[in-house]
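I've put the structures underneath this note.
Shared chain: chain A. Partners: chain B in the first complex, chain C in the second.
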Partner chain A sequence: MTTLRDRRDDPADPDERRRLSRRSFLGGGVAGLAAGALAGGLGGAAIAHARADEDAPADVSETAVPFYDQTHQGGIATPPQRYVVFASYDLTTTDAGDLQVLLARWSASIAQLQAGRNLGTVEPSRPSGVPTDTGEAADLGPNALTVTLGLGPGVFDDRFGLARHRPARFDHLPELPSDRLDPKLTGGDLSLQACAEDPQVAYHAIRDLSRLARGTAVVRWTVMGFGRASAGKGQTTPRNLMGFKDGTRNIKTDADLDQFVWHDGTDQAWMQGGTYQVARKIQMNIENWDADQIGDQHAVFGRTKQEGAPLSGTQEFDTPDFARKDASGELVIPATSHVALAAHENNGGLKILRRSYNFTDGMDEYGQINAGLLFIAYMNDPAAFVTMQTKLGRSDRLNEYISHVGSGVFAVPPAPATGHYVAEPLFG
Partner chain B sequence: MTHHPSRRARTTLGAVGLAGVLVASLAACSSDSSSGDPAPAASGGVSKVDVTLTSASGSDACDLSTASVPAGPVTFTVTNKDSAAISEFELLSDDRIVGEKENLAPGLAPVSFTVTLGGGQYQVYCPGAQNDTVAFTVTGKAATPTGSTQALLQDGTQGYGDYVDGQVAGMVTAVGALKTAVDSGDVAAAQQAYGQARPFYEKVESDVEGFTLPGTDPTDNSGNLDYLIDMRASNLDPAVGWHGFHAVERDLFQKKAITTGTKKLAAELDTNVGKLAELSKGLTYKPEDLANGAAGLLEEVQANKIKGEEELYSHIDLVDFASNVEGAEQAFAYLKPGLEKIDPDLTDTVSTRFDDVKTLLAGYEDPDAVGGYTTYTAALKASDSAKLSQAVQALQEPLSKIAEKVATAQ
Partner chain C sequence: MTTLRDRRDDPADPDERRRLSRRSFLGGGVAGLAAGALAGGLGGAAIAHARADEDAPADVSETAVPFYDQTHQGGIATPPQRYVVFASYDLTTTDAGDLQVLLARWSASIAQLQAGRNLGTVEPSRPSGVPTDTGEAADLGPNALTVTLGLGPGVFDDRFGLARHRPARFDHLPELPSDRLDPKLTGGDLSLQACAEDPQVAYHAIRDLSRLARGTAVVRWTVMGFGRASAGKGQTTPRNLMGFKDGTRNIKTDADLDQFVWHDGTDQAWMQGGTYQVARKIQMNIENWDADQIGDQHAVFGRTKQEGAPLSGTQEFDTPDFARKDASGELVIPATSHVALAAHENNGGLKILRRSYNFTDGMDEYGQINAGLLFIAYMNDPAAFVTMQTKLGRSDRLNEYISHVGSGVFAVPPAPATGHYVAEPLFG
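Take a look at the complex of A and B:
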């Protein structure tokens, strides 16, 4: 399949670029996750659809995702953009008013950034003025930026008087099997997930929003990710740094989103239309993996590498047959393979929406590649992740090649209406 | 809003705390702001102006309930109905800031401030609005100039000038004592004297670092007094060599020996500090110089002290840190009476954040250590530098806004 990026990288094909439709992206991809052609990634279907719309703006750098008056925040069901900058924050204030103002100013600023506008001015008219926008994204366009704002369990502890608003199922994640968490990469009172088609746009969003937080919150940990390691609806399945397709069986229908992702507001009405975000920084033992034979790599994942087919089938989207045995009576998809342990068939029907990205932090102190997966998932009950990771942490064959080193869980409220801000009902 | 100097406020407590205190009805505010409006609502002689920030199809507006009020006290109440683009409101007179509100965002409660205005033409400035500058008229007699914000700021600059002169005089004495201790050959005594002498330069560095010896080329470091007094080993000009405090520091704390060379360096430092005192005597300052100087001192903290690069051998970086902060706070304190009239919220925020930094620094006081603060070891740097840096960042951000305010004060 041809991706949008392929086309953008090809200067000989300007007409093709011009035909790509912003409107089709917004209509299909962002606003409703409706049917048919979804852009953002994008598959050939989207491009074909776009050809009918000659009036639309030229390329994805001009794509803007609306912030206000949506049922859900962006960056969850939005088709995954190519880049992420994720940041977790510690609140340094103990004043609920400071938190309230931060959430209000973040919300207004995110609305501006998603529209591709500066935060105030890059160049004040008075010589003694200090620029309010740092400027590095000034000419880049919105690039489908979404910034997703989450509240950590700490927001509901005794610091801010908000304990009565804590959803019953929301708390710090328990210690899970195989966890090797670094405290410096774990936790946080707030999270921002900035995703965009241009990494500098995502970086600028986090940088300027962090600047706005100075005196109220400080960055605790942050990861810059690339490669969109989980497919959204209508997207071809991308690959993680182990070279395997990731997200083949990801949630892609509205019915699944309603059942597994969106909070129904039962115990806390302010969470209706919201969700929970689990972020895990997963380091890969890249060199060991690279030296592993293909047969073992297949057995670890339970899928083939090139096609991504379950070992029980031949095509990527073949439904895995976890009962099938080979001539010698062994399961074709090993019971301890990643796909077998994570499959909804083997977890009482449980599904989560994955929205992960690859990352690299250069070399580590041991002379090894420091890289892996920033696993981000959305679900309407954090227990879903706990259940799945407890099982994976115990017996996943992949554990030989990965370590969960960072972790955070955040309640993601619904999007605000015009004139309001994220989590405003907490301060009513 | 009336300012309460004793209130310990964070960024925008006003936004939260004032809900309900003020205007009951904010709905009827966005009237046409053409001339000839009826007299505005007034109670107890205070005129009221409602300012409403709105957005419609990507175009943001800043509307006033009235474009004209009689001279006297005026309360502006700013409501951000749904403008994500506008976060600031300023009342200007001839490009000078008379009053303002920041941290405005849709969904927050309205905020207010009260200013006493004399007759004349003013402008309302809402950066981000389509109509970002709106004319505002005050009828009646012009304001009397006495007690103006500018006068308060001018008083402050004079007080600050005296403070700088005092610090420079203290430095001359303390460097003289350092020279005496070095001449005595007693390393421990000289180390103590070094710790005593350092703070003076660090408190006023941004005011005194620009001096060159008369008649020398500004690009020639041999005539640059800051180079000759305070240069670190990492930034040496090979043509000029090493002089000053840090060359003495290396002998006292790394070599732990006083040689003929050390004595020569200390004597030369003593001479150059004397020259600096002569050249800097009676300097005068503009209000924005104080603000920029304070910002410069905090930049020094971030660039050199947090990283432990300033005092590479003695590791008394926290002494310099505390001195930079003290100098910055003094500059701020002298601006405070005027700044409070322009932007009481910002004044409170900066005061609070200075307090936060000082509280943090107080945890490192050690009367037995050289200079009175615990040694900034590699282990301490590893464990505490992020915390120290973030506290200073939280102060730098609001402090960086002061220069513009005081430069444009009326």
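Take a look at the complex of A and C:
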């Protein structure tokens, strides 16, 4: 077969066609404008303002991120949007054709959503019609939505005949020292990471894409993040729910992205320009942390709290001096601090791209506020995460205050060309 | 006793004093500026821009709502902010003095938070110091935060000797036809509704106020709302997760507020300028709703979906014609539709002020997306809600798609004068 397209891209009913666009002035021109104006890669360049021709102040709700004809999928090097809804899915089919159709429909739909359009019609003209879009984002702009599609290791098991496409280094994560994984929050054959500047836009994307998947895949676990906790290039560093800045040393250059994040296609050409995604739901023991002394909090992170400076320096972006000792001969940045254990200087130069979000789930069974970090990271070799987390899980002083309760690893193919879909080469 | 103040308002340590202000340029002047510039009541006037002296575009993150010396608490007639964290608390003390101290500390702290300040220090100068503010909002402005404090019926039971202050019409809600209440999500002696333009600011407020309550009160249930679903004066109407606009006919005039929302102090003078808050956690059966035909969805709400017009009209704000019949003699707006059952025309003129938010809780035990509406309403007589919900619970076609799983009712006193605290007259 050639190219699958969502039939609802071209509704027969003129009323439906009129209603197709969530914002009529955006129309089909947005994706094109954006694609034309942009080079791929990091930084502000990865986001276009749909109304750039007007001199009104930039309205983030009208920002659209192009989907087709990019080197990489959005939501990876795209400067982190404020909100996320992440979902992992189990395939309920064993037919490779069903999987192919789902990937094609999802791709066409993600392109619509990122352009700020509904997925079909909110209000069919016949009373017996069932809306193809659930409508809760109908009045909202694209809000820089990106939906990043990943394939779990299960896609390459014996169900679909795709084992020959499995990258050699891609498999389920091994058990790690800090794991307290809940099976209900772990694994998944597919993942969707929807990031947007409006959480209702991200929620709508996951809801309607889940709906499209019925009969082929079901949601296994999902997390809504209410605030970004990692910084990208040009962004000020946000804070996690322990009150510390997160992402000060995150990857912020194209050179680092090329070296540590983007897959070069050796071993499996279809992954060229792709990457791997690791998602971890990390529960924080908030109330114990809140009772901890500031001196211990400093030692746990290896940084000050307000400024976020390494304990060896005074400013957030000072390079940590891991060798410096105080008058009594103790390391100023403890070797078991989070910054020391995770630093590329202490890991043979290893870096990963983090894209984490804060979450809360209400009260836990013990009457404490249930909250934590949805840790999402991208890297061109999943072993990078395993290496770092093995070390962190064994020694990190932070372990007293956190538990890794959910986990998943996914291969993220590059973005498709117009008219094609994510992972299409698997079905060639 | 006279006035209780949080001792951390005036920290002895100069480092702590310096760090007290979340944004140093906001300082103590904001509340004063705002209080001076404002009349109470509805609309944009209820929110001041802290940097009104500059001609930069209005930055919602720098918007502060005054706490002291207002006729009413914020978060009621204040135009709904985008996010909410709502929490209900159980008192764990039977000592009226403990309750009094908590209300005083909460009031002083809410004033700090609404001005964009931390609750004390994020980073004590001594290593053995424990931070008095958890820090995750340390870089964020006030974001129009309002924290609205309510007292449950339990405050007036025989524990605290306050029974003589109980308003005659204030009691636990009776069992209502649509109730499927989970006891863990129902009731509470106190409530805090934190609304803000940044969800991390609302989360931080509830977390740190909960922390202040330790030993006196514990969180009973909490809901984070990720998008407002009710409109105030001058706001466009947002959508609930069924895709319909919510709040088109909400109270939007001072006259209606005076008639239906503000307590006039008869019976209990301490409630003058106060109101009652009803909070309901409403679970939506999202996936059944999504499979429903548009004709049925129209009949359930009595409105169109995209425009939100009553079925008797064409525009959102057209007045519904509940008597109009179609050619076959059927009412155009079904008598069992939500708009017909809730309309003041069909309820002896009764109106309530709604302030609802969308929420999601991830997956439910059946593998479906768990989502719904945190319905919050304000009225000067709780019987108004009971009357309307009894009618809705018996006949509303919406009941097929929703369940009321959580519930609480709270008396919301007026705002205190500077140096005083919410509900202080109870302890005179």
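In the analysis below, the second predicted complex is superposed on the first by the 370 of 428 C-alpha atoms of A that agree within 3 Å, B and C clash if a C-alpha of one lies under 4 Å from a C-alpha of the other, contacts with A are read in each partner's own complex, and residues count from 1 in each chain.
Please note the rule applied: contacts are C-beta pairs under 8 Å (C-beta built on N, C-alpha and C of every residue); 3 or more make two chains touch, one makes a residue touch a chain.
Worth saying up front: this structure is predicted, and the values here are computed from it rather than measured.
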item	value
Partner chain in contact with A:G234 - chain B first, chain C second, else both or neither	neither
Partner chain in contact with A:P382 - chain B first, chain C second, else both or neither	neither
Which of chain B and chain C A:G313 touches, first, second, both or neither	neither
First (chain B), second (chain C), both or neither touched by A:G406	neither
Which superposed partner A:G129 touches (first chain B, second chain C, both, neither)	both
Partner chain in contact with A:V218 - chain B first, chain C second, else both or neither	both
First, second, both or neither for A:P199, with chain B first and chain C second	second
Greater chain A contact set [chain C / chain B]	C
Touched partner set for A:F226, first chain B, second chain C, both or neither	second
Intersection of the chain A residues that touch chain B with those that touch chain C	124, 126, 128-130, 211, 218
Footprint of chain B on chain A - complex, ascending	67-68, 92-93, 95-98, 100-101, 104-105, 107-109, 111-112, 115, 117, 120-121, 124, 126, 128-130, 211, 214-216, 218, 416, 418-421, 424, 427
Complex contact set, residues of chain C against chain A	19, 57, 83, 85, 122-124, 126-131, 133-139, 198-200, 203, 207, 210-211, 218-224, 226-227, 236, 238-244, 286-287, 290-298, 304-306, 358, 360-363, 367, 369, 371
In the complex with chain A, residue positions of chain B that touch it	10-13, 15-17, 55, 58, 80-85, 87-88, 95, 103, 105-108, 127-128, 288, 349, 353, 390, 393-398, 400-401, 403-404, 407-408
